[in-house]
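One structure, as C-alpha cells, below. Some questions next.
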Amino acid sequence: MPLPFERPIEDLEAKIRDMRSYAAEQRIDLDEEIRLLETRLERLKVQTFADLSRWERVQVARAPGRPTGLDYVHSLFGGFQELHGDRTLGDDPAVVTGLARFDGRTVVVVAQQKGRDTKENIHRNFGMSHPSGYRKAMRMFDLADRFGHPVVTLIDTPGAYPGIAAEEQGQAWVIAESIRRMSRLRVPAVSVVIGEGGSGGALAIGVANRVLILENATYSVISPESCAAILWRDAAEAPKAAEALKLTARDLAELDVVDRVIEEPIGGAHKDPAAAMRSVGAALREELAALASEDPEALRRARHDRFRRLGRYVELDAVA
Amino acid sequence: MALERWFRRSRPTRSDDDPSPAGLWLKCEACSAQIYKKDLVAAAYLCPECGHHYRMPVEARIASLADEGSFERWSGRLGPADPLAFHDTEAYPDRMKRVQEKQGRPDAILTGAATLHDEPVALVVMDFFFAGGSMGSVVGEEIARAAERAADEDRSLVAITASGGARMQEGALSLMQLAKTTVALEGLAERRLPYVSVLTDPTTGGVTASFATLGDLIFAEPRALICFAGPRVIQQTIKQDLPEGFQRAEFLLKKGMLDDVVPRPRLKATLARSLRLLRGRAPVAADLAEEEVESTHAASV
Amino acid sequence: MPLPFERPIEDLEAKIRDMRSYAAEQRIDLDEEIRLLETRLERLKVQTFADLSRWERVQVARAPGRPTGLDYVHSLFGGFQELHGDRTLGDDPAVVTGLARFDGRTVVVVAQQKGRDTKENIHRNFGMSHPSGYRKAMRMFDLADRFGHPVVTLIDTPGAYPGIAAEEQGQAWVIAESIRRMSRLRVPAVSVVIGEGGSGGALAIGVANRVLILENATYSVISPESCAAILWRDAAEAPKAAEALKLTARDLAELDVVDRVIEEPIGGAHKDPAAAMRSVGAALREELAALASEDPEALRRARHDRFRRLGRYVELDAVA
Amino acid sequence: MALERWFRRSRPTRSDDDPSPAGLWLKCEACSAQIYKKDLVAAAYLCPECGHHYRMPVEARIASLADEGSFERWSGRLGPADPLAFHDTEAYPDRMKRVQEKQGRPDAILTGAATLHDEPVALVVMDFFFAGGSMGSVVGEEIARAAERAADEDRSLVAITASGGARMQEGALSLMQLAKTTVALEGLAERRLPYVSVLTDPTTGGVTASFATLGDLIFAEPRALICFAGPRVIQQTIKQDLPEGFQRAEFLLKKGMLDDVVPRPRLKATLARSLRLLRGRAPVAADLAEEEVESTHAASV
C-alpha cells in the first residue's frame, strides 16, 4: 500500500506500464512518449520527496518495507555472531546485538529491530525495548571496551516501552545508565538513525562520536501523536506537531543534533533498500575509518564534549 | 517521554499550583483535614494533620536544606531561546514570558552553593511550578554548570528533582539534555565527589531517565510519583488498571531502585550524614541526633 | 532453650542460684561452698567448650541469641546509613548494606542477616539471599571503590537461597560475579564469619584481604545435613558429616582458609553478645589499621594472591 | 552447593556413565530409538535419530574441537591430596584411586593447548565421568594454571564445563576453588584475550557459580542442565513441581543468562568465529561456511 503522497507517483508508474504493454500488444512505437513520461516521473519523484512535509517524512520513516536493523546487519556486516541476553533478566528481541566484521575490523553491533511483518512486529514488540534490551546493549558496550572494538548502533524505535514490567524493572534507570555507559566508551562509536529515533529510548544507544541519520528518518523528543494529544489536545493534530517539532534529518543537522545526513534513493529507502543500505555502508566506512586512529581517552573526551555542547539558550546579561 | 500535561493551555489541576498563595484554608488532599495555609508553609509543606508531603516551592526547599544564610545563587543568567520557532496555540516565547513572570526566574531551575550542616554542596532544585519543571536547554545547561562548578569548588552535588520530563518546545535539543547532564556529572566522579539525588513528586520522563537516577545515592520523598512513562500513558498502552502504589517511591524502594525513602523532616540530616560518610568525614552531632529517630526502613508518613 | 551440651552447665548454674537463695533465706553462710561451685562451673564451661565436637559447634554457630549482622552493625559502627536495593530487581532483606563510621574512617558494610525471631527470620528468609542481595552487595563494592572506603563484610548464611526465582534470576551468575567483583576491589576488605559460612553464598562476600572467623562459627562447602544425605544417605548422620568436613574455625585456620580466629566469651557468643561484639570490634580495628597504608593495586594483588594459593594437591612427578 | 549425587556409594544412574562402553546397542533416552553405539560415538555422541546430546567423554570432546594433531596436553601432573583425611563409608584416597583407574587420569579435568580452525586456544575440559566432574583442589589448580598459561602464550581460553559442583571431600578448600579459578582469569582480561565458556550437561553448583559463568561469552549445549541448586534440592525446599524445561539451556537463554545455545555440530565453528571476532581477526572460511546454516536463534535439535 502506497503512502498518500506516493499515489501520484504510483499512478504515473502504472500509466507507463500500461503504455508499454499497449505498445507491445499493438506493436506500435511509443518509445518517445514513454521516455517523456519517464522523465516526468523522475521529476515528480524528486519534486515530491523534496517537498515532503515533516509529517509525510514521519510516514516514510515508518514505511513498511523500509530496511530494518537486521537488514543492515546482514547486508553490511560479515560473520555476524549474534549475542543474546542481558545476564540479568532476559533477552529482549527488540534489540539485536552481536559481533561482526566490517571493512576489515571487528565491530560490536547494537541494532533496534522492528518487525518486517506482523508476526515479527509482535515478537519484537514493534521495536520498543524493555530494560533488558538496554542492559543487553550495555553488556555490548562493556565487551567493546574490553576488547577495543568500535561500536555501531542502529536506531529505529518508537520509544522505550511504556508498560508495567518495564517501569518495575527501572526503564528510566537503564536508559540513564546506558547513556552514561555509552558516553564513557573508550572506543569509536557511530550511531545511525535508520528510521524512527524515539526519544530517550533512542538516545540510550545514541551517545556516539558521530551521529548519522538517513534523509527520511526522524529523531524526536516525543512522537507527533503524543505531542499533539498534549498541546492540541487531539492526536489527529499530529501533522501540526510534526511540523512544530522539527524532527527531520535536515532540521536536526541544523540543530547540531546529528553530524551527517545520508541521502536515500529517490522515493525513499523502502523503494530501494539495497541502495539505501549501500549508502549507509559507505558512510559508516568513512566515519569508522576517520575515528580509527584516535586514542581511547580522546574518543571519550570528544564524545563528552559533543553532547556537553548541545542546546540553545540566551545569556541574559548580554540581552539586558 | 512522559506526557507533560503541565503544558496544557488551561485548567491546570489544582496540585500543579503552588499550594501556598491565595485563600487562607486548604482541604488536605490526603486526609481531608482543613489546614490553615500558613501552618502548611510553616511545616515545610507537610500536612500538620497527616504529614502528607505537598509539592514545595523552590525557595522553601532551599530554606529547608541550606544552613541559614549559606545559600548563594548561581543560576539565573540564562534564559530560554526559541530554537524551533515553536508555536502550538501560543508562541513558545510568549508562554515562557508568562511563566517567568509568575515564578520570578528565567527557567525551571535554581542552582547555587550552600552548606548542609556545614557540609559544602552545590544545590540543584527544579521548579515544578515553572512549566511542570520541564527540562529544556536552560535547565540542562544550568545543571551541567552546577555539576562542573561543584567539581571545581570541591563540593558535593545535591539535586532535588521535580519534572514532567523533557520540554517539547525545544524538540530534540531537550532530548539532548539527557546526555548533556549525564556527561557533566563525570567531573564529580573523577574527583571522588559525591552526587546525591532526591526524587520528589513528580519526577518523570527524561529527567528520571538521566541525571536524576545517576546519583551515587538516590533518595526519594514519601509517595512521590517517579517514572519514565506516566501512569496514564501506560494505562492507555496496556488497557488495564495499574497496581496500587505503582510508580510511587515506596514501590520503587521495594523494587530496588532507591537507596531509601526519606521523609522531609529527616532529609537534611540524611543528606548531610550521607555526604560526610561518602567523603570520609565524621558526621556532625546534628546528623546523628536525627539518626536516632530513624527506623531501618524509612517510615511512610 | 539450652543446647544439649549446655545442660550440665545450666544445671550447675541453677544449683548455685538455689544455694544462694537458700543461704539468704536461712541466713546461713555458704560463701565457701558457693565459691567452690563457681570455680567448678568455670572449669566445666571451659572444658565443655574446649571439647565441643564439630557438630556441637555447628549448634553454637546457629544458636538463637547469637549476635546477628545487624547487632554488630549497631554496636560497632556509628552513623550507620543503610542503603537499599540492587537498582535492578529488588531489595533483599537477607543482606543489609550501608555506610558507617568505624575507628575514625568510613566503611562500607555488607552484612548477611538472619532473623532474631521467627517474624524477622521469615522477613530475612533465614539469611538466605536471592540474586538481588548479591547485586546489592556488588553495588556496595562499586561504591567503596569509587570513594576509596574499606569494605567490611559479615558472613552468616546457611547458603544462597535455592528457589525458582533465584535460579531464574541467575543465582550462580551473581555469585560468580560477586566473587570477581570483590576480588578486584582496590580498597581494603575484611570479612568476618560471625555464624554460618554457608558455601558459595558465603564466599560471594568473602573474597577479602583478611578473612576472620569467630571461634564457634563454621565455614563449609556444604551443610552437614546435605552432606550426610548424600554420602551417608541419611541427613541424621549430620554429626558424622560435620566431623568429616572439618568446618570449624580451628580447622579452617589450619587449611589457610581463614587468617584469624576471634575468641568468643566462654559459653559462646550467645551467652555474652556484648563481649563477642567487642572482640570482633577489636580484631576489625587491628586488621583495618594494618591494611590502611597499602596502596590500591597492592591490595588487589594481595587479595588475588591469597585466593590463588588456596588448595592442597600432590605433584605426581615428585611422588612417582 | 548442588547435591553431588555422583558421589553416592552405589547405584549410579545410567546416564552418569560414559554411554559408550559395554553393550553394542542403546535405547535413546530421548526418542527411544535403538542406536548402535558405534554410530553414537561416531556422531560425536548425538543420537543419529533425534540429535539428542549425550554426555561426551573428554577425549571425544577434544577430538571434536581441536584441529587434528593440534592438541598438546598440559594437565596430568597434579593429583588429589587428602587434606581433611576424609572418610565417609570409604576413605577419600581409596575412592579416588578407583576413579583414577577407571578414567585414566588423576582428576576430573584435562587441559591443554590446541588450535580451533587455526585459532590458538587453551582448552579446559571437565570430566563428568570422573566423580561427577566435582571440583577439588586439583581441578581448580589445573584451571587456574591453564588460564595463566593461556595468557602467557597469547591464547584464548575455552572451557567446556560439566560438573556436579564443588567436591565435598576436600571441604572448604573445594569451596575456595571458586575464588581461585575466578582470580586466575584476570591475566586473560588484562591482556585482552577472550575467554569463552561452554556449559554442557550438567553444569551445577560451585562450578556454575564461578569460572563457568564468567566467560566473555557463554554458550551452552541444547537441553543442558545448568543451575546453582539442583532441581531436587529446589523441589525439597519449595515442595512444588518445577516448570517444564526449568534450568535447561533453552530456558536460561530466554532468561538472558547465555549468549546462545549451540548444537554440537556447530560448536567448533561458533567458537572459532567468536574468538576471531573478539581478537579482531577475520573469520576463516570454515567458520563462515557453518554460519550460513545458522538461524538467528539457536535451533534446538
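The chains carry the letters A, B, C and D, assigned in the order they are written, with residues numbered from 1 in each.
In this text, a residue touches a chain if its C-beta (ideal position, glycine included) is under 8 Å from a C-beta of that chain, and two chains touch if they have at least 3 such contacts.
Predicted, not measured: the structure shown is a model, and the values here were computed from it.
The set of chains touching subunit A and also touching subunit B is given as C. Looking at the partners of subunit A and subunit C together, the chains they share are B, D.
Taking each chain's centre as the mean of its C-alpha atoms, subunit B lies 42 Å from subunit C.
Averaging Cα coordinates per chain places subunit B and subunit D 52 Å apart. Our note on geometry: subunit C versus subunit D, Cα centroid distance of 33 Å, whole angstroms. Counting partners per residue, subunit A has 87-89, 169-170, 173 as the residues that reach two or more other chains.
Under the contact definition stated at the top, the residues of subunit B that touch 2 or more other chains are 255-257.
By the definition of touch given earlier, these chain pairs are in contact: A-B, A-C, A-D, B-C, C-D.
Listing the residues of subunit D that touch subunit C in their complex gives 1, 3-5, 7-9, 76-81, 83-84, 86-89, 106, 136-138, 140-141, 144, 166-168, 170-180, 182-186, 205-206, 208-214, 226-229, 233-234, 237-238, 240, 242-243, 246-247, 255-257. Considering their complex, residues 87-89, 169-170, 173 of subunit C touch subunit A. Residue ranges of subunit C in contact with subunit D, taken from their complex: 159-160, 162-164, 166-173, 175-177, 179-180, 183-184, 199-200, 203-204, 207, 219-222, 226-227, 229-233, 240-241, 244-247, 251-252, 255, 257, 303-304, 307-317, 319. The residues of subunit C lying in touch with subunit B in their complex are 70, 78-91, 96, 99-101, 104-106, 132, 135-136, 143, 146-149. Note for the complex: subunit B touches subunit C at residues 189, 192, 194, 216-217, 253-260, 270, 273-274, 276-283, 287-288, 291, 296-297.
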